[in-house]
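A, B, C, D, E and F are the chain letters, set down in written order, and residue numbers restart from 1 in every chain.
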Amino acid sequence: MTSARLMGPDLPAIPWEERPEGCDDVVWRFSCNPVIPQDLIPSSNSIFNSAVVACGDEYSGVFRCDDKRRMMELHAGRSANGIDWEIDDERIRFEAADGAEPSEWQYGYDPRVCFIEDRYYVTWCNGFAGWPTIGVGYTRDFETFYQMENAFLPFNRNGVLFPRKVGGRFAMLSRPSDRGHTPFGEIYYSESPDLTHWGRHRLVMRPTLGGWQATKVGAGPNPIETTEGWLLFYHGVLTSCNGFVYSMGAALLDLDEPWIVIARTAPYLLHPRELYERIGDVPNVVFPCAALTDAATGRIAVYYGAADTVTCLAFCRVDEVVEFVRENAL
Amino acid sequence: MTSARLMGPDLPAIPWEERPEGCDDVVWRFSCNPVIPQDLIPSSNSIFNSAVVACGDEYSGVFRCDDKRRMMELHAGRSANGIDWEIDDERIRFEAADGAEPSEWQYGYDPRVCFIEDRYYVTWCNGFAGWPTIGVGYTRDFETFYQMENAFLPFNRNGVLFPRKVGGRFAMLSRPSDRGHTPFGEIYYSESPDLTHWGRHRLVMRPTLGGWQATKVGAGPNPIETTEGWLLFYHGVLTSCNGFVYSMGAALLDLDEPWIVIARTAPYLLHPRELYERIGDVPNVVFPCAALTDAATGRIAVYYGAADTVTCLAFCRVDEVVEFVRENAL
Amino acid sequence: MTSARLMGPDLPAIPWEERPEGCDDVVWRFSCNPVIPQDLIPSSNSIFNSAVVACGDEYSGVFRCDDKRRMMELHAGRSANGIDWEIDDERIRFEAADGAEPSEWQYGYDPRVCFIEDRYYVTWCNGFAGWPTIGVGYTRDFETFYQMENAFLPFNRNGVLFPRKVGGRFAMLSRPSDRGHTPFGEIYYSESPDLTHWGRHRLVMRPTLGGWQATKVGAGPNPIETTEGWLLFYHGVLTSCNGFVYSMGAALLDLDEPWIVIARTAPYLLHPRELYERIGDVPNVVFPCAALTDAATGRIAVYYGAADTVTCLAFCRVDEVVEFVRENAL
Amino acid sequence: MTSARLMGPDLPAIPWEERPEGCDDVVWRFSCNPVIPQDLIPSSNSIFNSAVVACGDEYSGVFRCDDKRRMMELHAGRSANGIDWEIDDERIRFEAADGAEPSEWQYGYDPRVCFIEDRYYVTWCNGFAGWPTIGVGYTRDFETFYQMENAFLPFNRNGVLFPRKVGGRFAMLSRPSDRGHTPFGEIYYSESPDLTHWGRHRLVMRPTLGGWQATKVGAGPNPIETTEGWLLFYHGVLTSCNGFVYSMGAALLDLDEPWIVIARTAPYLLHPRELYERIGDVPNVVFPCAALTDAATGRIAVYYGAADTVTCLAFCRVDEVVEFVRENAL
Amino acid sequence: MTSARLMGPDLPAIPWEERPEGCDDVVWRFSCNPVIPQDLIPSSNSIFNSAVVACGDEYSGVFRCDDKRRMMELHAGRSANGIDWEIDDERIRFEAADGAEPSEWQYGYDPRVCFIEDRYYVTWCNGFAGWPTIGVGYTRDFETFYQMENAFLPFNRNGVLFPRKVGGRFAMLSRPSDRGHTPFGEIYYSESPDLTHWGRHRLVMRPTLGGWQATKVGAGPNPIETTEGWLLFYHGVLTSCNGFVYSMGAALLDLDEPWIVIARTAPYLLHPRELYERIGDVPNVVFPCAALTDAATGRIAVYYGAADTVTCLAFCRVDEVVEFVRENAL
Amino acid sequence: MTSARLMGPDLPAIPWEERPEGCDDVVWRFSCNPVIPQDLIPSSNSIFNSAVVACGDEYSGVFRCDDKRRMMELHAGRSANGIDWEIDDERIRFEAADGAEPSEWQYGYDPRVCFIEDRYYVTWCNGFAGWPTIGVGYTRDFETFYQMENAFLPFNRNGVLFPRKVGGRFAMLSRPSDRGHTPFGEIYYSESPDLTHWGRHRLVMRPTLGGWQATKVGAGPNPIETTEGWLLFYHGVLTSCNGFVYSMGAALLDLDEPWIVIARTAPYLLHPRELYERIGDVPNVVFPCAALTDAATGRIAVYYGAADTVTCLAFCRVDEVVEFVRENAL
């Protein structure tokens, strides 16, 4: 087994901080967390579970901003360095994409952003007939956003696109859900010729019997292509007698048949531990939604929501993570 | 408003019995119910919620036969008159359709059969990753059956095809569900260019606030084309303090945009009342799954499961039903 | 202890049938049950849990008629003999009583009727803001009905008036509830100077630890004045693994302080046993709502709903019932 | 494989009726069911889930008699032929066995009776601190009964003794439970040197994934020793949308290590089907509690409760049952 | 629209602190929060959700003190400046008011105090028959307290009086509840001629679809009369996957028909954010129960419980709050 | 009543810190809490709810170490002073004790250690057939551990041995449970001649109606013998709208019949209050599992888990605690 390498473009200016002295962890936290405070914009109650991408020389993103009504909205933002962010005061107002007839806007949360071919696709948990399902849209400039058809019937959450077609079709992971806080959850894989009609569904990962990922699992950032397979960071949930605890793990999926799991971490990689992860609107939550990568150096920066209140950063290297996944596999 | 007429072929030999003397009901029961007893084949515990179609001079069908393990299986059967049935002792064993990779057989129940263009399509509640979703297959002769891709992600039930393309695409109604006995349920409409990839989902019908259809609603037989719209018989469920009660109503859907409900019965058309509907493995269930129609005379024969134990027949006329739906609309 | 005697007027033509040979029960069923079939009027799905009163030489009543939408409505009716009934096809449409501002009609069920001073008061479970509470109205002729203010905030059911003022105030029993099928329930007593403002609430009876009345208890017919106290027939509910079972018992309440229970039956008086009580829209229900009494002879005729589907009659004698209550007290 | 034979004593006068013409079932019903009506004694609401044994030339038994308070009590009874029974009006009042300090009587239900060495042991679901556990007692004459210590901590039900020591120790099957209607249940095996202290617990049988025994399983009559292993009739429960359905199956346990299941029926042997099994205080219940056997002929008579209301009889032959278990094993 | 002004008396010595530099919030926190620590008296586990009033030159109050048994009691207290409090070690022991027959003391919590005409009325959540309802009492001196009749049947909480009669009758807001932690809740308005008999109930406010007030809403301090309507601070609850989150909003009610909502805040005014609101016996709770007002200057001081552990203060100005309510209305 | 004295051996080097100035509490915290951090060994996510004993001149212990898979394991450890601990990196691997046939290791948590006669017995919550029950084992040197038979059938937790035989038999307290987070729980007493077979079960303590111990109670450290009775520290649980809160109280049990409670604290002795008790994987948990005692001086050191994350120490004196229990009894 050789060391894993990243397949995407280089990103020399990736936000980065080296592993602290005395730390043995494969994933380490940014020392200035949280990078986005809960009240960066006047209307926001909290900003978390958000998606950022490199965009030329800069960074752009789609952010979950719960406002002071505690309604869940998506806002666009941009940053010169990936750490200091400017987020629009107004929520994104999607225009209808050609041929699509999206339902009236109800709510949106937990976005992901994925560049495929010629544009940035956005997926999120979208209110449809009052129920959660996977909303799909795109933008070319983070100014104008187009909303396409919802990918699935209710009830679904955590829809995450692959950054390129697989076997000639668009590919998405998602987690079928119920209408409430959903005490179960598995990751499935689906394909589409046109990003509108979806099928050929495959089961990817189940929760485990016991442990930090025993209640449910869901995809985090878009899968990261490596020489060893798709690297998927995902969240797992344990139910304590005081509610859910969200941690982060990682899996390696087959490049051509991504519903095949090559390896998956038995231990977590990141677990609520700092005050900003332990205390907030929902205590004990670490929830990754985006990752930046620099192919040249193998560096990865993971953005994650903490305690459903703020947005944080953690770092790792692709070779170390993949090796850890393989050596600590379930 | 003129009287509604059926759009399909004639079926002079349709199973039929005139409305009894003194009965004012729009839908009336066959006097020899149940037509299929619970133990027609040696292994069966119950035979119900089944689908029959006219097939040349004869009738064929796909039957839900719960065996004495209480496992749910699908069996093929045939009949000269639609009343006296011969059902195969062995369950249907689907072959993989071209290009499809269906999951291992787990269970199947509540089938529907629909002739479209050149073959008989079968849809049913299919066990997939252990969860219910909509299985799709076809046969040309009720001997050999082919299984295609599942239409949707879990969790779904009561997938019912339209008998022709609508707006150039295949069309299906379904009822998103949960993993258990599902205390909610709405009917949605979805489209597909190829019966494999599905999208453009539309909400069709919700449960009502109170009444026989307050808990959930689901499509029954395949929609019946009439001059006034698609006639959809459907089941509605009320939750009493002793559990679910299943009744049958009808709706009229727009011919071109079938997610638009023209009218829908406020009262039920058929409700558990006879001993064979009130007593059985699940008391108080009337569950329609198939209908035969004779365009020349407007006669309709509805097959329905009773008390999750036996299969029964009821009759009506298209003009009377459509008039009733319009005049007793919600 | 002397034998109990009834305090009200005589009713020589009370519906009556002597106790059958060989029967030792204190309460016995009418041999021609059900007296009101489920489809006495064209729109009805079921007629049950209804209230009748003697009214000059005749009988009048307010009936729960669930229609074929399974919506719960109140209808007026009349009878020459208390057994053969004529029920209005149209539901009662209440006019606003002087000074009252009743909410829009939503639904009404489980009525009681009680003559006090100069008119017939009707109480029922009334939909208010979508939730159940106690509706109050009156009629003088069973033609025109007036609706007063709701007696209580949501959530309440089984509001039952006393036939005369107690301590100078109107008096009502009721059973605070929740919004669903309510897995608990106790009987409370409340007073009012004007039938609009209610207060001075007292607890009367709780469910027991185990037995037929372990889940909840609720008042049945209006309390019957006897020389020994108010005789209250009431329903009790047991929760089996297949749902609720409703039976009937009786209690003796203090004449001046009716929240004091003198005695209350440990065994039931009537329990689902006949097919029409065991089978119907809700299996295993006996639910008393009204009683006629003949003071001269001590005869009592109890009207009860069976299986939430039909209305039935049972008979007893006041001296025997009161003696049974005392000798079989909890 | 040779035919199975019974190991116990002969019982030439066993209640018996040959299999009806045209019936292929391995277990068939007595044509005069129910053998014990619900009101055999004046105080009883229902008599079911009861235990009978051969006792010299006669039969004796311990019966679950729910009284008209719906409280659960145990009564003794006797019969000359096993079919016509005389049951004591008064409930059994246990005396304390030597050295035991049983708690105050609260309730008792679902008894089993088992002759071991020199006396008849009775086990039942006993109220202890208000919760269900396994009560243990004995009698030599069905007149005087002695109560020993409870076998287990709460919560437990369906404690069933083996008719002889296994490996030098007394042996019992039981089904750990919760405090309510228990939506789960597995059969465990435990040992005791003295019938007071229990340990060395082993898991015997779990529910299955789907089918008539998917919710829970519990031992029925005391295991029957055969040349092929212990024959255990047991109940299995399926949860429909209208509640629990109880059926009967059988298993073959290893003679020396009875926690080893040699074979176990995939299909049920007896399922609610007759009106007296489908209708009653709890619809759709078949619940076996006792069996008589005649070693000379291999005949077995099974007593079972029906619909939690009456007691019934069914028949089979040991060789046929054991063959069926082996050939239709899970 | 002119600026809102307060209608009550002046209170020049109102506890007060100006809005901090750089703060734009309409409501701001006291810099020395909490004003009452959890252990101010030796027996207390926590002191929160309490009511204070101006009383001549001083301040008095009724305090929820949960003791170290975690039982909920009401204590009286007094303060010279509204910030430094002395609370009685012994709980309030109510005497029966004239004509009232209050039930035995069980528990009391979440009090409000309201001066009307000639005395201080106290309302609270009172244990009645073991269930929560609205207790009513009064005092003239905070030494002797009199308990009147409970206002309503169980189950109710958050009963809050208006500081003067409305339309000639006493008026109260309340929130009908269930017996536990109540996953729903709306505010209703009721009237009384005598503070004992209540009726003419009107719905005031429902929870919203989504947001910080989606699960339930309940009145906070007694409504404050302004030139623009009654100003009502209220709590709203959101259910996260880790339990309830309590925030504070405000509404403006019609002066003459207070069940008419003129405007109501879509965003919250105060939300758990400081450590003392985020951490405690119940994390993430802000629960207002009292307000002091100075008509001359428009200043308002709101007392609120934090994390069910301590008592805190926040400040605002009537004109700014009313303007905010109008401009940020739902 | 004289002052209580400890009956066990002296332990002059007991970990100890005097009560801080100005503190009146009977139990006070160690100023250097937590004594065991959550990551003392590389694999641990948290170390809590653990058991320590004096062992010659040193201390040994069995520790609950949840690893980074969040699986629950038991590890051995040792310390020179009871404060600075060294814990084995590898989990304990039990060997089968003579004659025992323990099931395969699934998980273990919440251990207690108790020296009886000649060895250290360990009890813990042991996974058996996937369900929690009481595992029993022993060690002589904290190097080699032997596992005996499970004490009970599932479902049970918090099995705690007495440090000597009572009435000639081994004695254990336990808390029967369900399969999940168990919203109820009482302490029972059971006896055994051989630590394998258990019986003669007695109820010891129930939860209270309201308060910190209203949901459930469970034994903490092994009972401590005093001149006044067995001193039992125990945990009690209250259910807030945000989940369980665990506190610590104490009871005094009869020396000869320990199921008799002489007195039991109405108030708690220790309640979550410090940050390390309020914040962690399960907020608001204080859970005692072990105690060291020095008979000569009456000093007691209690080890408790905090927030299901770390291990802490608290101190008290036997005379003060026993006096407090008596004077603040329920």
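Criterion: a residue touches a chain if its C-beta (ideal position, glycine included) is under 8 Å from a C-beta of that chain, and two chains touch if they have at least 3 such contacts.
The structure displayed is predicted, hence computed values, not measured ones.
Asker: For subunit C and subunit D, which third chains touch each of them?
Answerer: Touches both subunit C and subunit D: B.
Asker: So which chains count as neighbours of both subunit C and subunit E?
Answerer: Correct list: empty, since no chain touches both.
Asker: Select the chain at the greatest separation from subunit D, using centres from the mean of Cα atoms.
Answerer: Result for max centroid distance from subunit D is chain E.
Asker: Average the CA atoms of each chain to get its centre, and name the chain whose centre is farthest from that of subunit F.
Answerer: Farthest chain from subunit F, going by C-alpha centroids: B.
Asker: Can we say the copies subunit B and subunit C touch using the same residue numbers, with more than half in common, or are the two sides different?
Answerer: different
Asker: Averaging over Cα atoms per chain, report the distance between subunit D and subunit E in Å.
Answerer: 60
Asker: As a quick test, compute the distance in whole Å between the mean CA positions of subunit A and subunit D.
Answerer: Computed value for the inter-centroid distance: 56 Å.
Asker: Averaged over CA atoms, how far is the centre of subunit A from the centre of subunit E? Could you give it in whole Å?
Answerer: Whole-Å distance between the two chain centres: 42.
Asker: If I count partner chains per residue in subunit C, which residues reach a count of at least 2?
Answerer: Subunit C, residues with two or more chain partners: 242-243, 279, 283-284.
Asker: State which pairs of chains touch, listing all of them.
Answerer: A-B, A-E, A-F, B-C, B-D, C-D, C-E, D-F, E-F
Asker: Per the contact definition, I'd like the list of subunit E residues that touch subunit F in the complex.
Answerer: 42-43, 45, 67-72, 107, 181, 242-244, 279-284, 308
Asker: Along subunit B, where are the residues that touch subunit C in the complex?
Answerer: Residues of subunit B touching subunit C: 24, 209-212, 214, 238-243, 245, 247, 266-268, 271-272, 275, 278-279, 283-284.
Asker: Going by the contact rule at the top, pick out the subunit B residues touching subunit A in the complex.
Answerer: The contact residues of subunit B facing subunit A are 101, 128-129, 131, 149-156, 174, 176, 178-179, 184, 186, 188, 190-193, 196-201, 203.
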